[in-house]
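In what follows, subunit A forms one complex with subunit B and a second complex with subunit C.
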Partner chain A sequence: MVEPLRALLALCCLALLTIPAWAAPLDRAAFAADLCGDGTAQVRGPEGLVQAGGDLSADDLAFAGRLLNALAERRLSCPADGALLLDRPDAPEGHDALTGAVRPAAEARAPILSLRQRAAIETARGTVALLTGPDPAARAAGLAVVERRIATVPAAVLDRARDAETDAGLKATITGLAQAAALSSPDPARRLAAIAAVAASPSGTAQARLAALKNDPAYASDPAFQAALDAGLAKVSRAVVIGDGLAVVYNGLSFASILFMAAAGLAIIFGLMGVINLAQGEFIMLGAYATYGVQEAFRRLAPGLLDLYLFAAIPVAFGAVALVGIVVEALILRHLYRRPLMSLLATWAVSLFLVNLVRVTIGTQNLQFAMPAYVSGGVPLYADFVVTWNRLFAIAFAAATLGLTLLILRRTPLGLDIRAVTQNRDMAACLGLPTRRIDRLAFGLGSGLAGLAGVALCPIYSVNPGMGSGFIVDSFMVVVLGGVGSLLGTLVAALGVGGANVLIEPVSGAVAAKVIVLVGIILFLQRRPEGLFAVRRRR
Partner chain B sequence: MSGAVQTALAGPAGPARRAVRDPLVAGLVGLCLAAAAGLLVAPPAPYLVNALGQLAAFAILAVSLDLVWGYLGILSLGHGLFFAIGGYVCAMHLLAHGAAVTGVLPDFVQFMGWKSLPAYWAGLDHAPYAFVLALALAGLVAFVFGLASFRSRVNGVYFSIISQALVYVAMLLMYRNDTGLGGNNGMTGFPLLFGWPMGSPGVVTGLAVAALLTLAAILASTRLLVGSAIGRRMLACRDDETRLRTLGYSTTRLKLGIWCLSAMIAALAGILYVPQVGIINPRVLAPDLSIEIAVWVAIGGLGRLGGAVIGAILVNGLKFWLSAAMPEAWPFILSGLVLLVVLVLPNGLLDLVGWRPRPTWLRSSR
Partner chain C sequence: MTHLTRRSFVGTAALLAAPALIRPAAAADTVKLGCLFSSSGTMANLEGRLNHVVRMAADEINGRGGVNGRQIEVLTSDPASDWPLYAQVGRQMLQQEKVAALFGCWTSVSRKSVLPVVEQNDGLLFYPLHFEGDENSKNVVYVNSPPASSVLPAVDYLMGPDGVGAKRFFMIGSDYVWPRTINKQLKGYWKSKGIPESAWREEYVPFGFSNFQTLVNQVRSFASQPGGQAIVVLTVVGSSIPDFLREFANQGISATDVPILGLDMVEADLEGLDTGKLVGHLNCWAYLQAAKGERNQKFLADWAAYVRAKNVPFSADTVIDPMVSAYDSVNLWALAAAKAGSFAVPEVRKAFAGLSFNDPSGYTLTMTGENNYVSRGVFIGSVNEKRGFDVLWQSPNAPTPVPFSPYG
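Up next, the complex of A and B:
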């Protein structure tokens, strides 16, 4: 029977310890007297307010804030008893701070502030602003003041501010500040708890914050602190490495999806007709401009549905660019099938024409796109790894395109025809396939895929007439590496090139990454000149 | 096609023999010599002299590409790389020479906060060394890239695309500021040429005359080359490489040799070009510029050295004139010109005057 009783007693004591702290209201008269008192009292009042700040009621805080503001703005006047709030400095009368009654200020004296009192008063004002500020800007200003003298501010104030904060960015700042304050607090138990708390939500900043503590004298003298810090740091470092690894994989994947989108159409056209379409980059640009056109149409006709424009743009961009491709094929390329090198020059001329046409008619500026919620922002997943929606959109888009293209190539009559002509054009023609018509349709399909790539790029890249030339060389490399006419080869090559670029970039810079990847591709072609997945075919 | 290769190797007979004595090339060489003499005797306004010199440099570049594309069937979309190697080494020589004479370091070196020129600039103030270095470097890069490509039988469109990637990567590399080669601003402000102040009428005329004489020499010598047994092997290789290889010729060695020679000629054009424009920057390495070289050749007449020269002069002359007169319209005119030539005049503008010096066995798939 003794043990439970003792536990109950301990609980009661704990309760007794905590309850008075919540209940204690501000002694308003004493606070006013302190502000009107001598230098020592003028420091004691504000410092007491800061210490108690976490537990005071909003009314008390507002009262203290009025007095402190008046004092700082020289609008506080001190008669023999109480304190007067003036409307402006040196006004003849003012309101009594406690009762609100109007009293003459003639016989009152104005309190004098020195530098030391001013610091204490500013901190107290900052605390009040942080806790009761009406908008995030006011609270952020208060936080900035508090941060300067963070050592004198108790954790309860920051905790309360954090719990009450509605602005996410400000909340994160307050949390970070509270953690930093707790980490450097003189109380060892609080420090250990803070280390555990920081380690529980790992990130690059948490790692830096903990690593800085290694220089703390306690690290050498206090074994418990050292053990806790080492354990926390190890945990955070591991998590950060994993998070960064995930981020690299994610970025590589998103880069690879864009490469794939750009290269898929190129690969189909090249595999079928042996024509490298140098205008493919410009077709992508046209796809992006078509998306812009759809957006503007939504803005005019159906502003309420504006968020859906990216989805509406998918068929429009595909159709429009496929049409352009078919026209280019019918007017120009069909005369050049026996001269593939000349078709390079012809498609280059087409690209030059398209770029300058857009430049002259629409202008060279970057287009502004509305960013619907599903392509802006992101969700932090683990440590510093944030899944950004725009890149996820591109990845999902590329995956859907891959699936759909495979479906067309494998399961439809057109796909069957395309594969037959790719493998053996003469035999396919002998069997009665209209090879020229299939060429044209396939060119339309490949061009349409470029248009889709343009849609996927809109939320990520800046859209302007010259955007096509940016990644066209990369997508050529993907086609060459992947092997002629193999969509899976294109996919693997895109993943490889994208991954290699992202992996090498942090080590040696973007340019070196491109150089290394290109040299790697040339060396690889030494061993397999036909690329990764060459379709067996007769020439 | 089998008859074609045998005929090619045996040498032209009948009407084809006339092709060896190429009146077009002879006329152009004569024109170059006459123009050089004219410049020396009665020089026109300096800007005209300068423009003529630049055109001659471009013509040399076009000849170098025609040598591999028109006669060997290898379309390089990266010839700007070799042109730029020549140009950059030349610019380095001019700056090093200026720094050695005047003692003032080039702007970009001061901009980077360096106290002296980077170590690998040593000796570049000596013109012969710089000249040999430019050609050797271009030849070396061409050799390594050509060996890797031709050995694994990378050809056709594949080769074109990879050569384009090469020039693109080189451009990215030169845009960096820490290479010691001027970064994105490039190199400019050359003070002296062989001790004479740059931009003085004498130097301008001298450079233009040198470019014209070099063009004449390159034209004459490449014409001799393509008319020789090697030239016949080149045509055979272009028309049916497999068959030539089966007949016991090493096509890899043949292609590699001509490829390196072409690269060195392009570097020579770069050497002549840079002192005339007074600047070099990474934009000469833009893939578009390298494609434009192919456009000159295609417009002038593929597979005819004279056609390359005419194409280069025509397109660049038009560009000089039109990009000043109506800059908006120039890209449209250029793309229209390319499409016209590619679709209607497969042998270039020389088709217009019914110029058909090439025997029928040269007409083949390219």
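Up next, the complex of A and C:
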């Protein structure tokens, strides 16, 4: 009788290996009822799933995942009995979650989620994605959610995910997270590993978690624990300080890039012709509206390439706004060159006209922009320092604009002419330069730069007819501080003003920061009225 | 050649400017109502809608035969989001146009600037926004809720078990009277609940501020400190709202991490935003577009029809609380004037006591003789993917408004 017994035993072992004996299968009907239940049930269901997550079969998890996704995406319909999965929100019929039969979704109620339910459902979806995600990217996304709420996820889930993980990098991340989760484990060795793991991915939250351990009795009694905690805390604190420093630099750069974009065109117009162009802000607004036009054209003609509309908008916005600038110059400003006050008033009138023209023709609402992945969201780079793509886009855009403008001014015949007219208009005219034509082109270039600013600002600010008015004061401030007519001065002034604002803001608040910067500029101009970089000017 | 003195120049300019400021629709034997809502400047996108709602409400009443046998004539103006100009236009409407009532103002600072004008001329101003309270003029009808019946229930909800059990609070506001007073009252309220002062932070930004990176960084580090769940109480106004939300979402903070309670946040502020990453943030008003009931369905349909018929330059599918409140204002005034049988302000004011009106929110608005406050329901809304708000919670009935807050 030995042989059959052994065979039976082997079979049992085999069965254990291939179809693991799960502690308890998911009660699918109860889970569906929970998701369709009241607020408490909608929290209980997902939380129960996460707690049992380590032991559930892949089938059960997939089932739960389908239901949770449907609930979060408003595709779950709740008739009197059971739950229906719809293909899209408000579909007339759906598949029964349990039987798969097609049933009408009439009289069904789509539950509205409160924050508590939302958090529980997010965690449960993350757990399911981590355990059953088809590819490493999906599992990593799940892990990111689980990591945010690590306190509510049992160790068994992480252990199972780690054991099943095939991707080496992700496996290491899960291992680190699993170690970090053992911060209050009774086993001293695991606690030390946990402290090291938490310290390995520093953030403000990690700092708070470690700092809380200082009140732990082990901190006083166990020297090894104390040393490990102090070292970990020091490491995290240092990283957080560096991360915050990086964030300040980044914020300053980003604000400076916006100031520079808004002021660059003005530096040329003001510098060359001495025209105080109060319509510059509206030129920025027109650039943004041109970008919107390009987006709509893409939507109609080439929906597949919609993500590239921001790049396609660059020449369009530049060209369109430059054209507007040239028309304004030809129709109005040309006649007012010897009367600076009149040209100031005239450009103000132009600005009012443009704002109201857009308001009447398009409306006052904020425009709806599709945000491609490269300008939405961000990535945590180091500690609490997050690089947001839209700001990075603006910084890169400003740098490119600066390079191109310098290239035009320094390396092209037009640039040579512009510089000649800027330095001495009468002499340039005597030498045969068509100063009027150069004025017009320079005004076009300056306006075009404002149009480019409009493109760069679309992903950052709300686009509406009034958006330009906010820029005009800041950009004049930057141009005057930098030294009229000097592009590099404008750059330095933008960096200075942006940096000063960002540095002062956390200390004394945004309102005081503006005041302090303004007072600083006034004092500086008292000492040095010609600004940072004085350029020899026409008489 | 005549000499143009400074005085005569100013006089002529004022005469020339007068017709430009106020645009009447001329008709004989009508009763005039004046609107003080900007259609230019920072508030244009929000306030501009209210002119049209007042017109729509007046058209409805005129269709039913007018008030006391007279047709309503609505005068609109453009105070250009310039606070002192509200007072100037308001004075002109009361003294020259002899309007029976004014409907206007969005920000509290504009209301405060009109207040002395309506008090001196014994006019009536219907104010359609929820606000900081602590004011009780016999010349202003506060159609929307003071904090005790709007902000506090919402904060209570967030602090309670149904919300997120909020323990710590980051207040961010535009730098003027409404945010500062609201925050003062909130602090008093939290103190009364025994919450320590270290549990909150308060930051203010200038009007039209848009560079929220540093503040969002501060919110993140505030939320990571120990002491319990943090929330943001947002009282910035105008274009700062979408700019803040965008930065918040881009830095990867979701509503389940740190929820935002946007006290001035309406559907119109979500225009142009990708709300997928903002789902779950909250607001609180006396009306939400998603309110259930036939009266709301009818109002939404009426507004959409009005937008199409009159070619109104605003969205036909977006209705915000102040629009409904402006609509309620005109109806309340008409009811009171009909009850008084007169358009004289003292008579109309006396008629407010005991007035009730079934408005689109589904609640019945009531007024008492005690003050000029209107009792409204409370909604808490939650941002959804479709740039709107779902009704997360609503009060079982319309609470009695408390003009003066006991919390500061």
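Definition applied: the second predicted complex is superposed on the first by the 358 of 539 C-alpha atoms of A that agree within 3 Å, B and C clash if a C-alpha of one lies under 4 Å from a C-alpha of the other, contacts with A are read in each partner's own complex, and residues count from 1 in each chain.
Basically, contacts are C-beta pairs under 8 Å (C-beta built on N, C-alpha and C of every residue); 3 or more make two chains touch, one makes a residue touch a chain.
All of these numbers come straight from a predicted model, not from anything done at the bench.
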Fit-or-clash call for subunit B and subunit C when the two complexes are aligned on subunit A: clash
Which superposed partner A:D384 touches (first subunit B, second subunit C, both, neither): second
Contacts of A:N356 with subunit B and subunit C, given as first, second, both or neither: both
Partner chain(s) touched by A:G169 [first = subunit B, second = subunit C, both, neither]: neither
Which of subunit B and subunit C A:V511 touches, first, second, both or neither: both
Touched partner set for A:G39, first subunit B, second subunit C, both or neither: second
Partner chain(s) touched by A:P529 [first = subunit B, second = subunit C, both, neither]: first
Per-residue touch tally on subunit A - higher for subunit B or for subunit C: C
Partner chain(s) touched by A:P104 [first = subunit B, second = subunit C, both, neither]: neither
Colliding region between subunit C and subunit B, picked from 130-138, 238-246 or 310-318 after the shared-chain fit: 310-318
Subunit A positions touched by subunit B in one structure and by subunit C in the second: 355-356, 360, 510-511, 514
Interfacial residue positions of subunit A with respect to subunit C in the complex: 39, 74, 112-116, 118-119, 122, 148, 203-205, 207-208, 211-212, 244, 247-248, 250-251, 254-255, 258, 355-356, 359-360, 363-369, 371, 376-378, 380, 384, 386, 388-391, 460-467, 470, 501-502, 505-506, 509-511, 514
Contact footprint of subunit A on subunit B as seen in their complex: 69, 73, 75, 77, 145, 148-149, 151-154, 156-158, 160-162, 164-166, 168-169, 172-173, 175-176, 287-288, 291, 294-295, 298, 328, 331-332, 334-336, 338-339, 342-343, 346, 365-366
Subunit A-facing residues of subunit C, complex: 39-42, 44-45, 48, 161-164, 175, 203-206, 208-211, 213-215, 217-218, 220-221, 224-226, 239, 242-243, 246-247, 249-252, 255-257, 259, 268, 271-274, 277, 279-280, 282, 313-315, 382, 385, 390-392
In the complex, subunit A residues that touch subunit B: 270, 274-276, 278, 332, 335-336, 338-342, 344-346, 348-350, 352-353, 355-357, 360, 469, 473, 476-477, 479-480, 510-511, 514-515, 518, 521-523, 525-527, 529
